[in-house]
Amino acid sequence: MNWLLDYVRPKLSVAKTEKDVPDNLWDKCPQCDAMIYGQELAKNLYVCPHCGYHLYLRPRKRLNMLFDDSEYTYLETPKVKEDPLNFKDTKDYRSKLKSAREKTKFDEAFVAAYGKMGGHGVVVGVMNFNFIGGSMGIAVGEGIVQAAEFAIKHHMPLILVTASGGARMQEGILSLMQMARTTLAVKLLKDKHLPYIVVLTNPTTGGVSASFAMLGDITIAEPDALIAFAGARVIKETIKADLPAGFQKAEYLKKHGMVDMIVDRKDLREKLICLLNLLSNTFVKGE
Amino acid sequence: MNWLLDYVRPKLSVAKTEKDVPDNLWDKCPQCDAMIYGQELAKNLYVCPHCGYHLYLRPRKRLNMLFDDSEYTYLETPKVKEDPLNFKDTKDYRSKLKSAREKTKFDEAFVAAYGKMGGHGVVVGVMNFNFIGGSMGIAVGEGIVQAAEFAIKHHMPLILVTASGGARMQEGILSLMQMARTTLAVKLLKDKHLPYIVVLTNPTTGGVSASFAMLGDITIAEPDALIAFAGARVIKETIKADLPAGFQKAEYLKKHGMVDMIVDRKDLREKLICLLNLLSNTFVKGE
Amino acid sequence: MADKTIYLDFEEPIYKLESKIQELKSCCDDKLAKDFNKEISNLEKKVQQMLKETYSKLTPWQKVCVARHANRPHSIDYINALIDNFMPLAGDKSFGDDEAIIGGLGFFNGQSVMMVAQEKGNDLESRIRHGFGMAKPEGYRKAKRLMDLANHFNIPIISLIDTAGAFPGIEGEERGQAEAIASCIMEGFKLEVPYIAVVIGEGGSGGAIALAAANRILMLEHSIYSVISPEGCASILWRDGAAMKKAANALKLTAQDLYKFGVADEIIPEPCGGAHRFREETIKRAGDVIAKHLAELKKMTPQNLSKDREKKFLAMTRIAKEG
Amino acid sequence: MADKTIYLDFEEPIYKLESKIQELKSCCDDKLAKDFNKEISNLEKKVQQMLKETYSKLTPWQKVCVARHANRPHSIDYINALIDNFMPLAGDKSFGDDEAIIGGLGFFNGQSVMMVAQEKGNDLESRIRHGFGMAKPEGYRKAKRLMDLANHFNIPIISLIDTAGAFPGIEGEERGQAEAIASCIMEGFKLEVPYIAVVIGEGGSGGAIALAAANRILMLEHSIYSVISPEGCASILWRDGAAMKKAANALKLTAQDLYKFGVADEIIPEPCGGAHRFREETIKRAGDVIAKHLAELKKMTPQNLSKDREKKFLAMTRIAKEG
């Protein structure tokens, strides 16, 4: 089963791209409070050069960093029913969507692209935490399903980079159903023996962690990333006690058997290529 | 997959049977120290009428208790190489085997029989704790493999009643290999979707617990039975502390997720029949 | 349980009338019986009418309260009434036995089924034993094991859903609550036997969908199924836990909403006045609807059962593609 | 590690000579070099001869000591030397990551393999980290997970066995040590990829066979593989822990015994003096033998690989049936 053989470059229009945020500004590290010049931070893949803290990396930068020569083609954002519940809390959901789109220049909290990584054809999906907390509604779920379907059609591995506060409440039960739908997407990949690698980044919680994010053939986490099912606040309120140090951090998850490796962002591309090499060089069935 | 359909009564000579030990004696309950008249104990399936303690039940009585009308046919004890290591400690292994045979009237620490249980054709294997501590050597391992092969050939479920101190040291590495061989036997049954039910009785430890005994589709234990991988003495010596109450007892194992149900001996036959009914009445595949 | 009646706020007028009927019944001796009988009969009609009025237009929040009603039949009640020779099975074969999910084999209409069911408990002791119906990872891993066992022996699976959600706590996190739920959903898709999920009370978020990647999703008339509790949603989006009624409205969590969305395949009608008043009749009706769907699914091949589930969930929330 | 030399009892005469050589070498200056050189050379020949004599007829107990020698190459050494781009994988996806068993993907002669290996550690800190090579249930469950992963991607599996046995303790018992070992053996039989087990040091009982239901069982020349430790056997059967030499004799636990029994498929010869003296050469030889068997197995179809394992273990200890 070699998923490299029938790699066909599909014809798809390039989706909208995230606008570059100016790099000529200073940013403050949330961990060590050091002030870092934007260009330096960008050069360092948004890892604090002083303490190693991994700041949030926006989807386009993530894709640039992962694909060979930063070359890739976006998959189309799936067309889905918008605001299916006509949801309104203190403001209405449609306006929230609108401002998220303006802010991020993306249609939704998930974007997928295909291209080469270390020469391997591969589909990479990235969650956008800046888009309503990376929450998973219909569009995100459908995006993941379509990324998997694309990977299957073109016989490629799928790499998903997660970052999410959980389900998109404003889409009610239909957002919950995406837990099942994205799990099904993983099942379809597994049926075809295509590698599915998850990169857990800060934070990955709730319905996203409890579905496709925990089902990788191989699971990588960025250092210190928060990875949780239940929120620490909820747990703290329930047990009325302090939580253990490092609770729900990547290292804690690894200790508890949920994560294969913790990889610094600067090494991520190299490690992924190594895994792709290892998984593609599979045993050729005998006569 | 209905394992009742092609039930064929195979032609096999009836093996030697265990001689009845006289019932007109008094026995002392190891738990409550009550003196119990042998006939009363026998009538009560060797469960103390005072405290409910389950005393050891010899294989023939176990088979009598389980099969319809106590009717069954022994499978032949497999021919195996005896004393393959020429093993000698303070006395030699051959003489140990000889006295075990004289004491138990069985060839080895495992005996299997087939017959009907609640009308279902079924193979039942029983370990004999009185035979060198029910230890598993080649003969026991091969007995279990052949019981599974017989069950497969005749499309019957297999029920194994365990009682063992572990591997038969005197057969060295060849006894260890029986862990793999009996596990393989279970695998072959599973390949055919034939039910495999384990009844754990006191004590089931070491290499037996760490192979076929823990691989039942459904796992029953008799109350208070000791079920362990490592001996409590060894653990106590290692940790130099007392062990928790009820450690390694059936109830402890159930609490820790290893056992489906704890069944009083008086209910065992009925529960097994109920399980056989449930597993035989399977969903008939559609058009 | 059923006699220790608990009334909900909005049932107060009904409760008052019912009390009056009780009073009349208890103080009437033979001489007065005839006079009273007429009045009792009138009052009882009135109660019926009020039940009808109230229960035909329950608000979403009222539905939430009914779905959580302590006298509502629980999974154990359904199993006791619908399943013969139930053989409870236990344990995840790796860590523990979590009774927030109960399961086992039994006969449903003379046919082997595997029950996998969330149980909240009925009194303090049993609530504690069942972890208030909030399963830990070992609970979902037990469920997964039982589903796999059923699949191995070609036995259909019926899951009963009634949970406020998965257990939120340190133990759950350290043993992989997220992984356990995800794997349990995945298990559902791997099955080649009929798999029917029935929301009998509260279908709470990830804890519920873990047992609901099924061929059929059935809901009791006054059950709910939601991505988050109204209280949780209110405190996050309204920053006011007391806004749960607004949240209940907004979340569209009733059986009727879910049927409209195509998530629920059928609504099982409850007798007027709710399952907590008419426990036996409700269970019987649920049994009938389950039996109907089971009969349909049993006509499918193992492969088609799996494909049916895939098709259902792939199509869900998807707009049919053009071209 | 290798420089902090540890000598075994029976190596004392060799040790003395080697010390003398060291002495001569260190005190010799240029002027005396020529005179000493001859003597050193003679002594070195003598050492070689003594090594040959000693190592060609090691007693079983001596083999046990050699197999457990602290300087003997460990799994990590084999992986470092034989595997390129090793990517360690971790965790059982349910409870923890037990480093008594290490594993991961890497290239072996340019070919992807999954390594699953028992590691004892080399100093106090690493011994503690690796649990002294005695795996807990989560270790076997990690091994099972990695084998299943390899099978899914059609990648051959090489297991390295070096353990005194599975962890005996409360934690192990309460999380199902017995079940974990049994399931790990079972996993071996389910595989449809080449699976080669190499006993590199101590093959201790159930803890060892958990990783050895393989197509090929290879043993280093001075490795052992036993149902029980000689010490344990002595204390049970002789009621005297000091009778371990007798027990080692009786148990027939050497690679040579196992080869005779047909349990070991091939013995990997160690350089004269043992793996602890010639670490690199030993590892190289092991690599060569593994490569040979892997090449053979790679010619088989997935189904035949599974059948091959079944045939091997069914035939083992079985007398060919007549009729």
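Each chain carries a letter (A, B, C and D) given by its place in the written order, and its residues are counted from 1.
As a convention for this text, a contact is a pair of C-beta atoms (placed from the backbone, for glycine too) under 8 Å apart; a residue touches a chain by one contact, two chains touch by 3 or more.
Predicted, not measured: the structure shown is a model, and the values here were computed from it.
Colleague: Among the chains, which has its CA centre at the largest distance from chain D's?
Modeller: C
Colleague: Please report how many Å separate the Cα centroid of chain B from that of chain D, as a whole number.
Modeller: 34
Colleague: Between chain B and chain C, tell me the centre distance in angstrom, where each centre is the average of that chain's C-alpha atoms.
Modeller: Taking the mean C-alpha position of each chain, the two centres sit 41 Å apart.
Colleague: Touching two or more other chains, which residues of chain B qualify?
Modeller: 214, 256-258
Colleague: Which residues of chain C are in contact with two or more other chains?
Modeller: 93-95, 175-176, 179, 183
Colleague: Connecting every touching chain pair, does the picture come out as line, ring, star, complete or other?
Modeller: Graph shape here is other: it fits none of the named patterns.
Colleague: Judged by the touch rule stated earlier, which pairs of chains are there in contact?
Modeller: Those chain pairs which touch are A-C, A-D, B-C, B-D, C-D.
Colleague: Write out the stretch or stretches of chain D touching chain B in their complex.
Modeller: Within the complex, chain D touches chain B at residues 166, 168-170, 172-179, 181-183, 185-186, 188-190, 205-206, 208-210, 212-213, 225-228, 233, 236-239, 246-247, 250-253, 257-258, 261, 263, 310, 313-314, 316-319.
Colleague: Please give the residue numbers of chain D that touch chain C in the complex, ascending.
Modeller: So the residues of chain D in touch with chain C come to 93-95, 137, 141, 175-176, 179-180, 183.
Colleague: If we count contacts the way the header does, which residues on chain B are in touch with chain D in the complex?
Modeller: Against chain D, the touching part of chain B is residues 79-81, 84-85, 87-90, 138, 141-142, 145, 167, 169-181, 183-184, 186-188, 206-207, 209-215, 227-231, 234-235, 238-239, 243-244, 247-248, 252, 256-258.
Colleague: Mind listing the chain A positions that touch chain D in their complex?
Modeller: Contacts found on chain A: 1, 190, 193, 195, 214, 217-218, 254-261, 271, 274-275, 277-279, 281-287.
Colleague: What residues on chain D touch chain A, complex-wise?
Modeller: 85, 87-97, 105-107, 110-112, 138, 142, 149, 152-156, 193-194, 298-302, 304
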